[in-house]
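I'd like to ask some things about the structure below.
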Amino acid sequence: MLNPVEHIKVKPKMTVSTLLKEFGNGSFTARRLYEAYQILSLMSKDCSCLKFLTVAGAAVPGGLRFIISTMIKAKLFDAVITTGANLTHDLLEAFGEMHFKGNTYVDDSDLEKMGLSRIYDVYVKKESFLTLEKKLRVILEDLPGKTMSSKELLNTLGSLISDDYSILKTCSVMNIPIFCPTLNDSILGLHISMYSRNSDFKVDLFQDQVELLDLIWGSEKTGALILGGGVPKNYLNQAVMAAGKPLTYVVNISTDRPEYGGLSGATPDEAISWGKVKRESYRVVVPCDFTVALPILAAALIEDGEV
Amino acid sequence: MLNPVEHIKVKPKMTVSTLLKEFGNGSFTARRLYEAYQILSLMSKDCSCLKFLTVAGAAVPGGLRFIISTMIKAKLFDAVITTGANLTHDLLEAFGEMHFKGNTYVDDSDLEKMGLSRIYDVYVKKESFLTLEKKLRVILEDLPGKTMSSKELLNTLGSLISDDYSILKTCSVMNIPIFCPTLNDSILGLHISMYSRNSDFKVDLFQDQVELLDLIWGSEKTGALILGGGVPKNYLNQAVMAAGKPLTYVVNISTDRPEYGGLSGATPDEAISWGKVKRESYRVVVPCDFTVALPILAAALIEDGEV
Amino acid sequence: MLNPVEHIKVKPKMTVSTLLKEFGNGSFTARRLYEAYQILSLMSKDCSCLKFLTVAGAAVPGGLRFIISTMIKAKLFDAVITTGANLTHDLLEAFGEMHFKGNTYVDDSDLEKMGLSRIYDVYVKKESFLTLEKKLRVILEDLPGKTMSSKELLNTLGSLISDDYSILKTCSVMNIPIFCPTLNDSILGLHISMYSRNSDFKVDLFQDQVELLDLIWGSEKTGALILGGGVPKNYLNQAVMAAGKPLTYVVNISTDRPEYGGLSGATPDEAISWGKVKRESYRVVVPCDFTVALPILAAALIEDGEV
Amino acid sequence: MLNPVEHIKVKPKMTVSTLLKEFGNGSFTARRLYEAYQILSLMSKDCSCLKFLTVAGAAVPGGLRFIISTMIKAKLFDAVITTGANLTHDLLEAFGEMHFKGNTYVDDSDLEKMGLSRIYDVYVKKESFLTLEKKLRVILEDLPGKTMSSKELLNTLGSLISDDYSILKTCSVMNIPIFCPTLNDSILGLHISMYSRNSDFKVDLFQDQVELLDLIWGSEKTGALILGGGVPKNYLNQAVMAAGKPLTYVVNISTDRPEYGGLSGATPDEAISWGKVKRESYRVVVPCDFTVALPILAAALIEDGEV
């Protein structure tokens, strides 16, 4: 009845997917990561499940842009919910700008003088945001003078980008809707705000909710890989609750903890009481930085998809 | 030159403000809390500073509603930025509903069957949200058929509430603008979304940005007490950066850590590189649940205000 | 049946003990702190309970030396278990040396050159350890050439100190046994190791276990305030388990979390499975830095004791 | 001068060592893990460096027993410092007993009745400890009636074990000294304590310090992989400081944070001020559960060793 902890085995040249299975022979976060794989594996094979990816936190500066777009290309998800910040940084790279490896032993006043802004151990040039502004302006001026949801705008933006690893472009090419409930809370949103002040072009973030609910109502089951917490996590939780389609599969990779009461650290168990997650569901929290956990999961899931 | 750690002294009947000063004789989080007090004390006396309070996390279910409204009544802040969730829970209590002390050793499926939703160790009745919906509907139907910012809507909502400890009402009475960049990500936002679908009443969250920038442009200096992280923290950071008025005073009470790169855990030092915080500024992070840290600070600050 | 969250009230000149009771009207860590108070209050009135204080982490550099000795003087505990590091720092102050308020924005190479060693935001002079060595040597040379437990040695050391706020002296004066299972892992232990190399004076840390078990076997019930985790927590847990006297009261103030499997973050619930904590017990974890949590609890408990 | 974040790439069948190098193209914990690999790689090639492995936390129940013994067999370390708890669990498996995969949604009172003790998501049978006691007793009775250091005892114990994946046996076979400064704080220590009460067999934990210092004095340089914090981390830090041989290479995998002042979360930078780490040194903290981080590092390091 009880299964022994058989210990994690490693050997030279072992593959990531083999290691992930070995994690199932250990305990604590290693076993959580294996459980996450099992759940995402099941979810990926469930054709009746509407699959979400939500992304909060600095995923693009964190170096996960390739992996996220690759997972979307591999059809692991049907819809994406993310923050304005991640899309700003995705656009910035799509426009040819870059993030740089920085360090944390630095005088931030010096960086400021050098025109570098810091995201923990990442630098981004201030001038990159000027490039973003200019190129975005050209795009905005070409948009029709009407009210759009964030989803509609982002699909349009994605279609105008030529960078194959852009999350926005990938979603557009793959016809995957991308929702951004915090578009207003970003550099991208700031420019939209400024531009739409004297234009008939407007973004209505409340319209997205209706579109998201419509999408969910049309589904049989729902499931999600939730990276971090934040608004993307809550926004999805609330939508599936409102639509009466609680999550059947849920993997949350998050370093937050539940004891302080914030939604980012809230467990999928707690979510059952709200009708956000099904009583009978596959669920796990992986208490790990997603820059480590996601690549491992992605490597194995993509490999499975190729078989 | 070096000051000794003189150790924290306690005695019977000591006041909270005395203890807070004693925390300055210790180290680690105790000393951070005292530094936070020093900074907020300086800020409160600086008439040329536009003072912000930002609130993320479950502050209302956490039991901080009285304290937040009391701090606003004491004129410690000139503007508030918070989440849709906190305002939903504030409204819910304003409409006569309640949060309940729950426990965490519970089967969430059982709670769900009993109609109770859980926020860590807090329960809220599902039916309370129906009451909210009904009362809100009546209010929404009376609103003019026009487009508002969240600030304008929240001011109107606040003026219609009779509960003296409501954050919304207090802001309205004290004429303190309250911004809610994530209004769309809440039960309150869900109802606004549904109602505005077939109405000329709309909320434009991008309009808030312009209004917030106008407010900041008119100020000489800026400062903030930042509870938790989330969108409220980022939204303020970005606005003071865009307005070229980086924070001179900043106290962030947050349990997040910087190493994972998310904005919630980002330090005020990092913010200097962005022009969100001034080089020459008073700044501290208090790594503590705000349900403990805020009441201590509030008790001392209100006491000072009465002198 | 359900009790409402009545919100934490603060007002000018309020006492710490009043605030602590107000914390019971909130949620999350605030309520945990109130529950800790309730449990310690019950424990302090239970004459049949053998009451332990365990202290890991940098309590003395943290500024808690006065509070710990004051709680011992107030007879809140019958025995203490702590680390060699805390006793080293206690002795250092007893010998007239000091800890200094430092900051964390510093080049540690510079500090090293200046002869200052850093404990997060605390500095201690290297020369203070030379003073410690010299004064300790004199004491050691006067000790009888026999084998002692850490408890016996620490009682002797305490009796030779004149500083009233020394934890060692207070335990000695109050006749409270103090156990130090990690005496070998400290500067104090290093000197003992060097001295006993060429002397008949020896410290046998295994003898303590027998003495601790004897103490526990003689008790009716056991209870503990566990500051941090570490060896002191485990050592007590193991002793009450081995003695068949699991804890009836247990308050653990710790910032560690359970998900990574370490003992420091292990819950009192898990401890039930081991027979370390009673099934029917009063237990709580307060996820807070003890430099903030302990002074609040101490102020209220000492006040109760004076009534 | 600045290197771009080139994003972490994953593909089917990729090896763990390739992923680890890809982590260097990302940020946050992923990049830390790559830096850890670089440092350990350098250290492993430095013949003049005395290489330590310190292990705190529940590494054996966590499923890392195979990996730790494999790393020792691969000659990656010259000495090991660990806790009594890990050695107890290593012995328990060496004697044919097992750890089991448990879950955390469980009533610990029920487990206790079933004779199962829980370590987060791991169960161990109470009767396994009886087996341990019996087999250990036989071994102890055969030991010479003299005083040993923990190092000497553990080497002897290791030589009597037939399980090839035992950490104790592996150290004994490879002639790697293993120090256990907290041997007294474990079930193993409890039995030693009981047995030595009425025997001439004694373990002197202060003798280890002398032996450890002798080992370090004989080295040119020192370096360490520090798993978790606890006594093993401090014990090593203190020994290299006392011996005047601060660490040239240091990788600390730990989920603790520095802000609360405890040694487990203390940074290698802080350690420079103490003379525990060299000014010019290779150092990194990986803020990750070691059940995930260690297998990744081990797979790559062992692979390198085979080339």
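The chains carry the letters A, B, C and D, assigned in the order they are written, with residues numbered from 1 in each.
As a convention for this text, contacts are C-beta pairs under 8 Å (C-beta built on N, C-alpha and C of every residue); 3 or more make two chains touch, one makes a residue touch a chain.
Only a predicted model underlies this, so the values are computations on that prediction, with no experimental measurement involved.
Annotation of chain A and chain B: jointly contacted by C, D, touch as defined at the top. Taking each chain's centre as the mean of its C-alpha atoms, the one that lies farthest from the centre of chain D is B. The distance from the centre of chain B to the centre of chain C, with each centre set as the mean of the Cα atoms, comes to 35 Å. Look at where the CA atoms of chain B average out and do the same for chain D: the two points lie 44 Å apart. Distance between chain centres (mean CA atoms), chain C to chain D: 26 Å.
Touching of two or more other chains is recorded for residues 27-29, 58, 61-62, 119-122, 257, 259-261, 269, 287, 289, 291 of chain B. Across the complex, chain C is touched by residues 27-29, 32, 257, 259-261, 287 of chain A.
Across the complex, chain C is touched by residues 2-17, 19, 22-23, 25-31, 33, 58, 61-67, 70, 98-102, 105, 119-123, 165, 269, 287-289, 291-293, 295-296, 298-299, 302-303, 306 of chain B. Listed in rising order, the residues of chain B touching chain A in the complex are 56-58, 61-62, 85, 104, 108-109, 111-112, 116-122, 181-182, 184-187, 189-190, 192-194, 196-197, 202-210, 228, 230-231, 234-235, 238, 242, 255-264, 266, 269-275, 279, 289, 291.
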